[in-house]
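Every chain is named by a letter (A, B, C, D, E and F) in the order it is written, and numbering of its residues begins at 1.
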């Protein structure tokens, strides 16, 4: 198994139990999570030596975030302690036509105010095989953007494969700001994950003219954009999950990928949702695991889609499934029969 | 925003958590609710100056009921304190083909034994725009029926629009008793809400002969009855929600209305149910809000249907949604995508 | 109502709340259950004088298991106290394509180490009308297999009808071991319940050649095997539930039965699952109740299927429904409308 | 072990968890209890064949009350089903100088409206050894007072020992009403349990002049009254618990008894309170058990005091302790060391 | 009853249940509270027309804070909506020798960034009788200090009595900063509440030389400082609670006050602690209520001490006791006997 | 900080919430713990590189035990996976004079059936500074006793200091069996922890004749035995905690130690108990930490006593306190004042 590194923010997630609205709830369920932390947990869970790089305050809430990662086997040696606060997001889980609602309270978190001096990236990337970050980290602050680039440079200098999940967050920056920072960062990236909207908002891509029949339109748009992306940035793979939001309770879930040569669309799952937060991260981590294991990009994609379909049935940000469980689903058993 | 008044009973609702049966449950979730209280909360929630008129005992359970209303901005100045008890209903939430079960224990509640002397209706209706009651209140007792008529009279005397939700409750009276009392009360009513069955049981209406094809039959029946109702009572609008009970977990939900001229059927929602108690009240209050806002009756109906579709996803009797959330759904976004 | 007896193991069931995975859960919901205990509870619930025969340790956990049965009216006079431990099964409830997971920790339980001397079967079966056991009990140990045969003999000697639920458990024995023991026990059995797979694994039956169209294939296979079973063991009825596992959240649920003459397939229910553990036991007990009540085997089967469809909506192993609720569903009302 | 009978009301107890005030609580813990039901559970728990006689509505809440008794081995065969409702009491547990608060909502319960025709007392008292009731039952209503006397008569006719716990409840009747009814009932009583205040309010006794030093004053008052009681009613024993309320969290707990000859004061326990409701009932039942076992009245009293001291550490109305646990405490081990 | 106004911050309080440490807790209990909000709730609870002035973000968490106040009858009309976040404090409840732990995360809250333009103080103080603030509000930021002074000026201009609770918070400012701001604000204050340490840190007072015996030393120090305070600032009363921290579970609780003439020490209570946060605020509000009711300062102090002794038994920041409950305790009944 | 190793069993602890008795509880709180695991967690918590050596089944319950250790920073690399089950202990928390109750169900656990081949002790003890085990581990089985000796030998061969906590468990072996095994193991031990009773039961020591006054008797007995122990086994230190069980709610807690020269008795704490399980382990680990840090044996003892006094206020087996918190208490601050 490989040493893998992710860089980003881990937040305290405060969610209302049992579909309660915020005003109704006299308790919050406590979880910790965030894009890159979620990827680190998944990769640790699949057996990799996963390191999460971040900064957390030196108080019991910061310690609780650290412990939440250690519990699932993530190495926390490279988490710097200091700064003022753990970022928070409040979550109210929707149902049927009522959407889930996220209220962010993440400004001034320790990682958003961290600087390059807080980390020794050469030590961090020594012997590493993979580095993953998302479009959220550089959006946190100017310092965080610099930090992200420093990490990317050190990763490339150490021969580490780099992946990004574009993940546009409208509360953190504008498309213009995003495109300026993200376009620059793409030079370090080998594997780019992100849907059409993210590609548009963070990198400025638009689907060209297409004259296909309507049913195929969306996928043609993806293919068209993916081609442009590989042409411009020389990515090895461009990958996207495909979510069909029927309601807050039921989604269709699949994915597509392009290797510069072949455009591949995965099997599609119909998911009854328990908790869909972290779905994209579980897709990224599943696919990364597949690639790390040497699977071809189509098999890696199928692993990623199945892993993230399962995530939708699991509470919290983290995707707590075993390789065996994912493989069973890839192998075709979606019957949900009791396993004794 | 307008001063609105509702009159009725607020009960203590004791429900089993997590689909437990009564015999299994060693705790009950505590909510307070009741038809007209639920309407008051919704209207307060939409920004109206809502007053709930009732009587509650001068003990901590009565106070808890008052506080549950105050929390959501309902004015409780006109609630008289006294009498013996807060009425109770026990609720067991069903699933799939197992129906939800309600056990009433509401006899001898303070409001059921209240008299006209407990309230100063001229003060209550001063400057009010709307008065709403349901067929439950006059069914509670002879005194409560007198109280309801006194309120109706005072409302009309103060130029207040009056709406009723027919709401037949078989545990409280017989159809004969209901028709005697309710037929008399209809003289004060401007807007009548109630489905075919309620119109039959509380007012004695029956659909006439219809020779349409089967698919249209139900709606033709509604239209037929609505016409008779307007002819007899000169209502401004007759309105009904339309529930298709596929199971305790999934329902179809829409509505129809008639203004004496046009029969209008709303958009239909497929709802995955979290808690359907109070669905009818949220429909009434949503529609009343639309009418208070000056919407035409079709737009008011669409607001009412969307508001009440959302109610089915919310725990408790109260419909805790914002105008913005309802408008989003009316505007067509039922995808349930996470709102960040 | 009749005196009925079941023999088997009652286990402590430790389940994670709210779809949590084992590693996430810092509490377990506590229930007690097991095939034959579940049947006893159902039969007591339908008004029969039900006795559960087992052995439980003389400690507070054993007492809690006893109390869980007494609560629902099961007679516990014939439960011997002694031995080392209450068997345990851990349960994680699945959703969508993630299956429920059961981890057994039942070895060395008191009943698995009980011997014939622990029970006075002649006393137990005096005046009894029905004896039920499952393929789990004889699989627990050599002693338990002997115990089961002793019970069967005493039952027959007392003129008691005997039913079995074949229930193959792969963690307890191999098909070879199962077939040796179970084939012998079938001589005492009047009513045999078990699906195609159980019939194959515990009794060695295989569907013969069939040349029907595909849609009918499964049912033809059942019919074919049922005929063989009746020919070989002279059962009065052979019965099986038919589960279609669409996912861990939704199943199709029906049943079929054969009386040596007519092959009957029941109505099919589409169930949204709350808790499917004990579904088979609730089917067995519902059908047994029907037969005890003197219904013909088709009506008994419909009662059993409806009862067990309802079980899927109830937490815990026990099927806590009333005869009236089952009859309502048999009568066609699956709308799940609120019962007030 | 002996057949024992108690007659009274079992109520639904709705208590706030964790010292919450009523207005703060969005859930209630559910227990069932009531003076005579609590005594029946204790006696069943000590191994007696205990029957609780009452009336409960034929709905799921009534059934839940029945099941709560069956769970602990109480025979419920003599509970008549019918009437309107289960009586309720709301409980808020106090701490330190804040007292626990009980809000009763018990009017119109099934037992308060039951009549003599609901019960076959000759059958009920056949082969019984002991009958226990409290001053609460005859206070419920005129019918309940008649019922109590009918039970007493039948008990005496069947040679059954009768005990009473005087238990004055100011919400149910006045001292004048109480004294009229209770004085009459005393003719049937063998063992009278009740403190000075109860003896005063329900039977009109007052301590005579005493000229002892202050420290001994209270006990002298008890002795004085006990003598008067035995003289007037020819009780075999008069017994009282002695509570010193230091605060809602800590109490001193002991008892005294008089057999017409010797006045005996028990050992005193310092109790840290978990739940003191039912403390008096656990004292009565412990003492009754001691007498039923043939202990002398002093040893019976010590058993009763120790049993009820333990009750203060147990949630709910019922005293769920074993004989062995009580005997250990009587034997002097109050150290609370972990029992492994 | 009087119109009273308080100005300050209301925070989201996230506390671990059942003595859990932060790292152990997978849920937080949700309360809202803060010094001046707590005072407003108490005063509303005692029947005053209480207004809480603050600023809260226009999101569901801000709304939940508003609703928490409305529930207890506080008027929220003067709460401005806007800004970024609700301040947070995390709370871990201690026991025995383990202290409770508070982690603040309140920087950048809406009220800390509010300005004078957010409020119309002349409207706010129209017809008001009392204004209360604490040393926390001006410590939040420069703007908040200005806001506090503006409020004080408007209060005095409207003839409103002003009270302060000195409440030094070391995380918010240094003694030097505090003394500069607070000394200036004291010119508006009529009633000053604060212990010796607060008087030292926020106002710079030190006890002079005292040559009394040791036992009396502490109270002499208080008296000495109180005299200096009245001499310098011309307060009408100086008041302080007196806490003796035996452990996190048990405290002694009393108070003292000086009116420039007489130094009075209250009765002392021994409290078993359920939740001591907000103890000081409940003391301030109880005493203010007493003064508003026209009690002499000694009786007002006794009311304040009894009210706040009771607060220590109540979960959350708010002191949810009735006047009657406080008066009972003042009257001497601290026995904690069950109130039926 | 040092590499430290402990060897033993980690069990699933199932405890009833809120003082509930086993029969009352429909949920269990889930913790993992066991003597040596608890010591490992404490030492990791104090910053040491702590390794826990054990065997756990390769199922989700075993994984949950592993994760519970990882969460608190314990290294789990030397935990072998395999075998049948995780041992269980059921815990009911007592109060006042009702003792806590433990029901063990630990037979056949993976570690009790592990063999020497499951571990590579030379690798395990490489670079280690301290090895700790308890009298529980060798009591589990013959294999476990062999395992313990093998570990001791390897430890000594690697120059590792060895400590033992004698911890006699009467459910696991007799004094005769214990003495045979434990006496042999003592040759490897440097630091022996255990009270008078353990020393008697596991090693056969008895206090000699002592003619001191009664008040000093117990401590003289300890001193006498400690001398004998050092004479026989040449321990560097003999150490014991001293518990005074006033009740299940309150204990006195101190300790004593002897270094062959000086007998030292620590400060005594009066503890209000939240959870006393693991108290002895927290004492052992605190003292070991002190010795590892180079403190003299008296200061190490004071650290151990303070650490374990705090443990009594913390839920679960693990002592989750920081060095700073312990040092504060050692420094004399037991006031429990809120830390902000």
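Things worth noting here:
Keep this in mind: a residue touches a chain if its C-beta (ideal position, glycine included) is under 8 Å from a C-beta of that chain, and two chains touch if they have at least 3 such contacts.
Because the structure is predicted, anything quoted here is derived from the model rather than measured.
Common neighbours of chain C and chain E (chains touching each): A, B, D, F.
Using the average of C-alpha coordinates as each chain's centre, D ends up farthest from chain A. Repeated interface, listed pairs A-C, C-F or E-F, reference B-D: C-F, with more than half of the contact pairs matching by residue number.
Comparing the chain pairs B-E and A-B, the larger number of C-beta pairs in contact belongs to A-B.
Centroids built from CA atoms put chain D at 63 Å from chain A.
Each chain gets a centre from the mean of its Cα atoms; for chain D and chain E, those two points are 45 Å apart.
With touch defined as above, residues shared between interfaces to two or more other chains in chain E number as follows: 17-18, 21, 23, 26, 67, 71-72, 101. Chain contact summary for the complex, chain E toward chain A: residues 14, 17, 21-23, 25-31, 59-61, 63-64, 67, 84-86, 88, 90, 92, 101, 103, 105, 107-108. Taken together, the chain C residues at the contact with chain D in this complex read 67-68, 70-73.
Put simply, chain C touches chain B in their complex at residues 17-18, 71-72, 269-274, 309-310, 312-316, 320-321, 325, 329, 334-340. The residues of chain F lying in touch with chain D in their complex are 18-21, 23-24, 94-102, 104, 169-171, 245-250, 276-277.
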